[in-house]
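Right after this note come the structures.
There are two complexes below, and they share subunit A, which is joined by subunit B in the first and by subunit C in the second.
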Partner chain A sequence: MIDHEFISLEAFISSAESFVKISDRIHDDWKFHRDYDKQSYYIKKDTFIKHADELFKAEFNIFYNLSYGVPSFSFNIWESSGSLLSLEDIRRMSLIEIKEKDFYSVITQQEHPVFGRPYFVMHPCQTLELLASLPDSKNIIVTFLSLITPLINLKLPLEYGLL
Partner chain B sequence: MSLENTCEEISQSESQVENLREHKENGDTVKTDKVKVDILLKATGNAPIMKKKKWAVDAEKPIGWIMEFVKKYLKLEPDEKLFLYVNQTFAPSPDQVIKNLYECFGTDGKLVLHYCKSQAWG
Partner chain C sequence: MSHQEIIQYVPFLSFVHPSFWHNLTELKLNVDRLNENTKQIYGRFTYREDIGSVFEVDGTSFNKDPDDEHFYLNVTGTVMNKNTIEDFKNIDKASLLNSLGEIIWQNIKTKTWIEYPNTLLNFFLLSFADLKKFHYYYWFAFPTPSQPTVHLKEKSTALSEHFNNKYLSQISEEYQALDVRQRCFFIISADSNNVQVHKLSDVFNKENGEMKIDISNLYFAFSDPSNSENPGWSLRIFLAALLEHSLQLYQSEIKVVGVRIAKNGSVEKSRLFTIITPQSTESVNGKAWVGWERNNKGNFGPKLANMSASMDPVRLADTSSDLNIKLMQWRLVPKLDVEVMKKTKCLLLGAGTLGCHVARDLLAWGFRHISFIDNGKVSFSNPTRQVLFNYEDCLNGGQMKAVAAAENLKRILPTVVSNGSALHIPMPGHPIGESLKEETISNIKQIVEAIQEHDVIFLLLDTREARWLPTLLAAHYGKITVNAALGFDSYLVMRHGLGYAEINSDVRSSYVDGSQLGCYFCNDVTAPGNSIKDRTLDQQCTVTRPGVAAIAGALAVELLVGLLQHPQRINAPAPYNLTEEDSSFDGVLGPIPHSIRGFLHSYQTVTPTCAKFKQCIACSNVVLAKYKEEGIEFLMKVFNSGTYLEEITGLKELHLTAEIADVLTFSDED
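After this line comes the complex of A and B, so read on.
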């Protein structure tokens, strides 16, 4: 499933389909969006997260990164007032302790390759290497997403592991 | 959604949980009544192998504790990241308790965890 150079779009789509199937079963609200004309393929979840008794609105996406040939992760989080959180706010909300330097080397705010608006995007450079170290993965999206969820306070139910 | 509920469908793991409880009841000889879970650690990718692969771990410990343990055991550099996987697919959150993982993913009385290391996340 995992090529030496990249992860094929077909592999991404089939993983996305089985991921969304599990999500539908457990009502986790991930939706698969695809547009052949724009070459945009992504799964998306809109949710609310609670941190230190405050409620935040969050949008998470996993999209197929055409340039790197890997799945990529992007997100935005808003306060209840509607203002967008800064990267530093997000680092403080992280479930694990991570140094500023480490965190900023993983996530940057940039124009989203698919949506064209500012999003926090994970750097795709190491993704392939990480996924290649688990060649027997039953679903690359689960493998990829579960790697980064501790960083951003997103809970991934255990059902996704039962593929 | 509580984890107990989510795993109810898996009858096999149910029976294993029963076993676990029996162990607990019979384990009077042990000083503490802590339930231990057998964990099998397997290297994948470029991660170094561990001489001792099977460990009995306190079921109430979070998975992050095992991560720290393996990192120390393998003498990884501080900037190296270690990831633990169940089913070779799913990396549970570091605050996930071992007992829950065992109930969901345990087979043959043990929990198999694959580990790999990396310099970075992205």
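After this line comes the complex of A and C, so read on.
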């Protein structure tokens, strides 16, 4: 399923569809968005995060990165007024669990290739290597998320593993 | 044992999605402009038991019809966007709320809400958008009558303690089968045999205010935004409406269920409230209204959304450009000092081919203070090689290069501090007539000021002699000087040593101290004469292979950055051999040569090193002392004579004593 060159858009889409089906069943809030015209395909989850008595909203995306040919992970976290948290805020609050020295090399803020607004994006360089190291993956999205979840404080319910 | 406490409602916490501000801005800029329209919008809240009492708006709030999100209820509301902060502050909040309340009270009196329970809930958003700073002041209100005040007979309990699992799943099923617009407020009826969920209109008798079902079996239910033991805000208006409708409900104990649903559809975490209604009917009159949201400090005041970091395009350009450099540091060179570039002010003497390339590369490295001095105008031959200029800059006689360069730099990055001065730099051996004396002195003063104000001086001029004055001044004021000069297919990029540094007679075998390095003129044993006098037109501007300027400009900036990243900065030693294993001369980006000479013809570069020349016409202590002592007087003497410099530095004698027939000096024509 994983070509050593890249992961095809079709492979991404079919994985995303099966993934979202399970998500619907267990009410995990992932939704699949597709726009043929804009060439954008992504799954998105909105959720509340609580930290030190304050409530934040987080948006997680897994989108198909056309230039790298792999799935990419992006997110944003904002407070109740709508203003976005900075990367430094997020790191300080350990809303994302990555060691400091690795943090900035793994996550950068950039103009999102799909949404065109500032988002925090996980750098896609290592993605292909990581995914290629797990060739028996039945679902690319699940494999991808399982690699990220230790870092991102995102709970991946067991049900996904039963694909 | 049972203590009757006044009921406490959990207020809504407003939560604005960034897309809401994007759409509001869009509407304001493109549709409303200066009109202050009130607009109907939608908000929503969830009755999920794992999420507290949050009221959300986002970009879809402006849609004609809201989406139905799972386990969310949509609420109709109004946004009133004020044009000025004064209007926002001065509007009478209390009477605004009361007028909103009046409309809702009408709904209650005419019993419309029984048919359409979702119309009972409303919200209001007062806002002011400062679109220069992208600051949004906002204030939510959830209008509800302040009366009645009711009491709780006892603490609320979980519904699972009251109903068995069979009843609970029945309620869950029927509740989810209800039309979304009926879920806001509804009825649960239960007896020993059965439990049922009803729409309000099926249970309420609109004519006489009586219930069609025995009250003792009735539970007044509502989708509860709260997930604590206290009920959500929506209950407050429900009770007011109930009491207005039915006298039967006064002075009694009524059972209320706040429905909270789990992700799997279970309603077991719903809450049962036993409420004691007031005795007197007087208070329920819909006259006084409450509902303005408290701000983060807990006061009744507006909130501020500072969206500039994510919405102000100028700020976005700035932070994105900075990010590029930070990435270098985070991912490749952890010891890179990213701040020093931002703080270092660069003065570019010459806004031609070299100047334009240097400026672009400085920008790329994060320098944000770049000034130009150039006396020329943009001509039609310039834009193809001088990368800051466009065709438009050539029209109408041509813009002043220094000014155009600064303007165009700002069009690349709005936050760069850049200005340009059109000044002629006086040159040794180019006499200054009486008529130009005043202007020249004024120019000199401006040049001196510019050099004093900046940290780094780039010499990017098109003649050798024009570099003399700035070399002297930079040495006098202790500035870092980077020099670049072009030949047809060759280039020189170098850094100058430190002025007033004592010449160290120790000869070291592997490096020269940074302070001891020679300047552009140290290698020359003749003073710069008037090299332009007898030149033909095509010799007056240096004609070079285009790549040479790009390479030299880039190297000049890389040399500077290497220097700034070296702990000793201007004093960084210049090793004779750059490729040696010994890294003791290295800064963060490696060793810094004294000079780089490149030959495009053979694609070769060499990095010669030379020490200061005691009799240098530009940077020697003799010359600097003269300037220190006599100032502009001295300078004028130099400009007016082709030989004065040779005299004071003793070069004249040097010529006589040495048999120098052909001294090869590296000048711009070679």
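Operating definition for what follows: the second predicted complex is superposed on the first by the 155 of 163 C-alpha atoms of A that agree within 3 Å, B and C clash if a C-alpha of one lies under 4 Å from a C-alpha of the other, contacts with A are read in each partner's own complex, and residues count from 1 in each chain.
By definition in this document, contacts are C-beta pairs under 8 Å (C-beta built on N, C-alpha and C of every residue); 3 or more make two chains touch, one makes a residue touch a chain.
Values in this document were obtained by computation on a predicted structure and should not be read as measured data.
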Fit-or-clash call for subunit B and subunit C when the two complexes are aligned on subunit A: fit
Contacts of A:E111 with subunit B and subunit C, given as first, second, both or neither: second
Which superposed partner A:F48 touches (first subunit B, second subunit C, both, neither): second
Contacts of A:M122 with subunit B and subunit C, given as first, second, both or neither: first
Residue contacts with subunit A in the superposition, subunit B compared against subunit C: B
Which of subunit B and subunit C A:G82 touches, first, second, both or neither: second
Which superposed partner A:A132 touches (first subunit B, second subunit C, both, neither): first
Minimum C-alpha separation between subunit B and subunit C after superposing on chain A, in Å: 8
Shared subunit A contacts, counted only where both subunit B and subunit C touch the same residue: 26, 105
Sites on subunit C touched by subunit A in the complex: 13-18, 20-21, 51-52, 54, 70, 136, 138, 263-264, 303-307, 309-310, 316, 319-320, 323, 326-327, 330-331
Contacting residues of subunit A [partner subunit B, same complex]: 26, 95-96, 102, 105-107, 122-127, 129-130, 132-139, 142-143, 146-151, 155-163
Subunit C partner contacts - residues on subunit A that touch it in the complex: 26-27, 48, 55, 57, 76, 78, 80-84, 86, 104-105, 108-111, 117-118
Residues of subunit B touching subunit A in the complex: 1, 3, 6-7, 10, 44-47, 64, 79, 83, 85-96, 100-101, 104-105, 114, 116, 118-122
